[in-house]
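One chain, chain A, links the two complexes that follow: it is found with chain B in the first and with chain C in the second.
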Partner chain A sequence: METETGLVHRTWWTPYLFLAPGLAMVTLFSLWPFVNTVILSFTDARILRGGSFVGLDNYRRAFADPDFWVATGNSVLYLAVVVPCLVLLPLALAVLVRTKIPGIGFFRSAFYTPVIASAVVVGLIWQWVLRSDGLVNTVFQRLHLVSEPVPFLTDSAMLLVSAMIVTVWKGLGYYMVFYLAALGNVPATLYEAAALDGAGPVRRFFSITVPQVKPMMLLVGTLSAISALRVFTEIYILGGESGGPGGGARTLPFLIRQVGLGFAGETGYASAISILLFLLTLVFSLLGRRLSKGDER
Partner chain B sequence: MSTSSSAGGGHRSGHRSGNGREKRPRRTAATRRRHRIGLAGRYATLVLMLVVMLGPIVWQFLTSIRGRTENVYDGVLPSQPTLDNYVRVAESFPLLQYVGNTLTVAVLAITSNMLFAAMGGYALSRAAWKGRRVVFTVLVATLMFPFESVMISMFLTVREMGLVDTLIGVWLPGAVSVLNIMVMRAAFLAVPKEIEEAAVLDGAGEWTRFTRVFLPAAKGALAVVCITSFMGAWDDFLWPLLVLTNSDNYTLQLGLKTLAGATTVNDQRLVAAGAMAALLPMMLLFFALQRFFFKGVGEGAVKI
Partner chain C sequence: MTRSNPTRIAVALLAAGALLSTSGCGLSGGAGDAKEAERTGRVAGRITFRTLQLKPTFTAYVQGVIDAFEKQYPEAEVIWEDVPGDGYNEKLVADAQAGALPDVVNLSTDSFQLLGDRGMLADVAQLDGALAKEYVPGAWEQFKLPGRGDSVYAYPWYVTPEILTYNRELFEKAGLDPDRPPTGVEEFFDCAERIAAASGGRYSAFMADPKGRLPGDWQKMGIPILSEKQDRFTFDTDKAVEWVERMKDLYAKGAMPKESLLKSDDINQLYGGGKIVFGPGSPGFVKDIKQNAPQIYAKTQVAGAVTGKLGHIGIYAQSLGIRKDTEHLDAAAEFAKWVTNGPNQVEFSRKATIYPSNAQGLADPFFSDRGDGKDAETLARAVGADQLKTAALDANTPVQWTNQVGDAVVREMQKAIKGEQDPRTAVQKAQEAANRLLAAAAEK
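Coming up: the complex of A and B.
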């Protein structure tokens, strides 16, 4: 551990006393649910009755289930589109708001505003922008750009794209703050030296800024990948309870909730999908860690 | 601007305040002009981004204050601005009850998180004890479980405890988050050990040291925990959606969903008023406590 003060607690159980509430909560609502999810995933448990052991049946079923593949495809596609956007755009935004020019504090706070709005509020706000009678479609139609409203929210593929836009919009300010912190640690002398050598702003961005904030880019990439796999509320609010027409825009968390709960909830099968989601998340967090480890070397 | 030079006995260290913006050694008329064009371009980009980031919110706000008789698309600004929609949505919808439910959960979450996260962070930060490393590792490991992949089992646990459809059931799983424990631990690690040793010499017991020395020294971190707990309780949607069934118990976010889906309402002005009513308190809080918001983001970042 980093800092040892040399002090000791009065009795061996004092630290546990201090940690008791935290440990109790973590055990009850994190460790146990995880263990229980693993166990349930090998059973045919339903919401209203316990199950019996069925081996790998749930996993076999998932791999043969078109709904599972649609949801997995949507989640992975979501990640593939959203992560590059959230790694690059907030960095550009951070560079933009870092200069000391009059009024910059206002812009910085304004760009952060979507972050403090809840996912539901953000969903409602964008619903009113993208609906068939929403702002974008009305403007498009008045300008005679389209004759029929664009089905932003009523077509599965469009709904997914709309939700991605909302996620990126909400994430911009959040990750901008990460980059602002990273940019604050870049020594100013590097820029001075480069300017003396005659490097322009673009050149300085790519040869100094990007290499210097690369560890932060990896962190942002990892964090945004994990949260992309967790997307639920955007799609639920924009597309409704079914997750788009025929459930075509469902993500994995969406599917888990639909399968696992309700009167016919198949907790066993939903647990298997949960474990697969966990493994997918794990792959991307390990990938992020691996990349940043290789970077430190 | 004169040519900057290190001569004249000045301290070079003053240069660092430039904060990344290099000082050009010489400025001719051409570079000045280029600088001005660059500045104009910067402001143009900023304004464009401002429209993208705030436009949808402003549009929702403008809709929420439109008079009942005017069309929502008649001009950008409402011709008969009114707060009537806010009154109507509060009358036709139990919005205040939802806010009350949300605040109940929020107060519980703030209290439990500040107290228990501080206690946990204290035990993990100061003295060495057997098993600390193991406990710390286990706690960090739980951050790896995405909520969505354990939510079904969490629901079953809460059901087992008879807490389905109660506000306690909404609050309990988030009563103390590991991230908050880590934030408090980091803050306590930064307290100089001389202060603690002085307190020990004064005969202060463990609990006294915790409440009288460490808690006051970590006020900033406590504020971060307070704000993030409040935001979590105010904004959460998926977990309350799983736990709550009776609409009397709905939190604000669940209520908003119902409001948007209600075919009886079918008036975007009311939905907009509801959404803005949920957003405005957060915006006020944000502008009042900006530095803590940004701090919280930074500290959370290092831990994952």
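Coming up: the complex of A and C.
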């Protein structure tokens, strides 16, 4: 039936019609690969051969594999260090760049620049900065702060720290924009009232700014947790394809790639590690949910 | 913005992120032996031809070869597709799984092994009995498969030999005679030690790059990589421990750039900047240095590769495989033979720093001309071609030394070279890990 505006009345399936293309894409490119990964994790599949069912063998192997525990430890450590930095530092930066001083626009743009730079370019620049004959070591040695170059890239622990620094540096501008949006929604009257009551800038920050942007902090924490658990590029570019000396700086995605790729790639085992990474991510998801529920109460 | 919105978005994003973090990792499917095509005696039909990263630099050359073939065989049509190097093997795997391999496909050593082992390639020796004598023996032999007799599963195409390149001036500064370069691994290490002592930390001798050095260095030292039956690794020997000890000592003495233990992709930059004495062992590199660092090029000396006890280099030819179940076997086979014939390979070698695997092509005077013996590029071409004539398969990386085996060995070596692990333990652990991977591959 046609209305006065000439539009046809919608039928019950109209919304589903609109949903269908998106749903099809998600099913094809996310859900099905995920289901496929779950299935593969219970098989001994290799790159060019569908495997046979091996039960929980791949999972048992993972738990007995020292490489898996090193990678899990590194991933969790990465998350534990990077997430707090990426929740707090961009907030401080956002508060700073909201200050009305001449030329602040330049700084806002400058802080955002690393976000639009490609991860490979960023990695290469940092490699030049951190290598044993790079900028930092040259400066340190000229100032006689160290006698031997600091092994930023050739020691597993230092390599992990270097990669964390790159991740945080690259994420600062990105999350700063999130906080700028959130800060824009905080009513100015709250600050005025607090100022009238005699609250100083520090008090205003902790009593008004932080509570007002707390939901955004949760969002930033969640987003940065996801990227921290999936970190690969920084370590690959800084530490080479072995993932640091002896593979000591490998994270879970790094291990998945190493196990699953190549013509001898063990797709089944790599899928099992992927599922374990998924479960790890889920744990942090539930933690985030609990935190947000507590917040709502 | 309400309070709950970001929270909801956060939870949704986390779930989606978790899902996506795992979703890219699955691969399934299998590929069995393909049904064999038969010759009809008629070179006709439309065939697909896939090359590895030849566009746009060699578009005119390849198209010229195709046009000439189509002129010779008017009933045949060649559809050419060029795929970038990045992800080439992955695409090949995906196509093999989907039964969508091209009729004629450019294969590297590892992709040849993969498709050949799975019975996806036609036996070209059977297609043309007289073909063998057209190619350099080492190249022809490379495309045989263990346990398959005299069958050969690809047409050898272009080859890149290993040579030795070094900075003559820095070599002399270390008190070494540039006209007497090292020929064995131990001798190479001795040179490196003297270079490190003379450099005062301003430059290094060579790239540590254990992944690139192994198992080649061990083969050149006469270390048995595999048992006679080729069913287990046997490199855990005193000689291998000696290799690790030397590497560790040289690394500590600054004979190698520190980061080269993990990465070796900056060797051209380091050599071009006079920061390293031994350059990469490929003739193509000499051409790059000529273009990008003429001052260093003038100091570059070229010699035969370090071959140690073997006395010859290995051979790694690019090849053209024929899809076993191609619909136009005659056209595909004739075309692959056409592309890899002497004149076409020589013409290709004049355009790029590569060498023909075709015996007639390699005998072309272009490859024996040493000029006045002073120009590094000309000399590199002649030295490389000379080495190819005696190249043999025993210097090649064994197929059992997969990328994963290489990674596992290299991880132990890196720890030992850095001094985090005793060299003997490192070699032991490396062999254990390599044998575990080999056994797992054999089981499945």
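As a convention for this text, the second predicted complex is superposed on the first by the 272 of 297 C-alpha atoms of A that agree within 3 Å, B and C clash if a C-alpha of one lies under 4 Å from a C-alpha of the other, contacts with A are read in each partner's own complex, and residues count from 1 in each chain.
The working rule: a residue touches a chain if its C-beta (ideal position, glycine included) is under 8 Å from a C-beta of that chain, and two chains touch if they have at least 3 such contacts.
None of the values given here were measured: they were computed from a predicted structure.
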item	value
Overlay on chain A: chain C relative to chain B, clash or fit	clash
Which superposed partner A:Lys100 touches (first chain B, second chain C, both, neither)	first
Touched partner set for A:Ser292, first chain B, second chain C, both or neither	second
Which superposed partner A:Ile226 touches (first chain B, second chain C, both, neither)	both
Contacts of A:Leu19 with chain B and chain C, given as first, second, both or neither	first
First, second, both or neither for A:Leu28, with chain B first and chain C second	first
Superposition-derived comparison: chain B or chain C, residues of chain A touched	B
Partner chain in contact with A:Leu135 - chain B first, chain C second, else both or neither	first
First, second, both or neither for A:Phe263, with chain B first and chain C second	second
Contacts of A:Ala117 with chain B and chain C, given as first, second, both or neither	first
First (chain B), second (chain C), both or neither touched by A:Leu40	both
Clash-bearing segment of chain C relative to chain B, given 24-32, 312-320, 330-338 or 384-392	24-32
Common interface positions of chain A, toward chain B and toward chain C	29-31, 33-34, 36-37, 40, 127, 181, 219, 222-223, 226, 229-230, 240, 253, 256, 260, 267, 270-271, 274-275, 277-278, 281-282, 285
Touching residues (chain side chain B, partner chain A) in the complex	15-16, 18-25, 38-39, 42-43, 45-46, 49-50, 52-54, 56-57, 59-60, 63, 73, 112, 115-117, 119-120, 122-130, 132-133, 135-136, 138-139, 142, 144-157, 172-173, 175-176, 178, 181, 189, 193, 196-197, 200, 205-206, 210, 231, 234-235, 237-238, 241-242, 253, 256-257, 260-261, 268, 271-272, 274-275, 278-279, 282-283, 285-287, 290, 293-294, 297-298, 301, 304
Footprint of chain C on chain A - complex, ascending	29-31, 33-34, 36-37, 39-40, 44-51, 127, 131-133, 149, 151, 153-154, 181-182, 185, 214-216, 218-219, 221-223, 225-226, 229-230, 239-242, 244-247, 253, 256, 258-260, 262-267, 270-271, 274-275, 277-278, 281-282, 284-285, 288-289, 292, 295-296
Residue ranges of chain C in contact with chain A within the complex	1, 3-7, 9-11, 13-31, 89, 93, 96-97, 110-111, 113-114, 118, 211, 257-259, 261-263, 402-405, 407, 410-412, 414-415, 418, 420-421, 437, 440-441, 444
Of chain A, residues touching chain B in the complex	1-10, 12, 14-16, 18-19, 21-23, 25-26, 28-34, 36-37, 40, 93, 96-101, 104, 107, 109-114, 116-121, 124-129, 135, 138, 169, 172-174, 177-178, 181, 183, 186, 188, 191-192, 194-196, 201, 219, 222-223, 226, 229-230, 232-233, 236-237, 240, 252-253, 256-257, 260-261, 267, 270-271, 274-275, 277-278, 281-282, 285
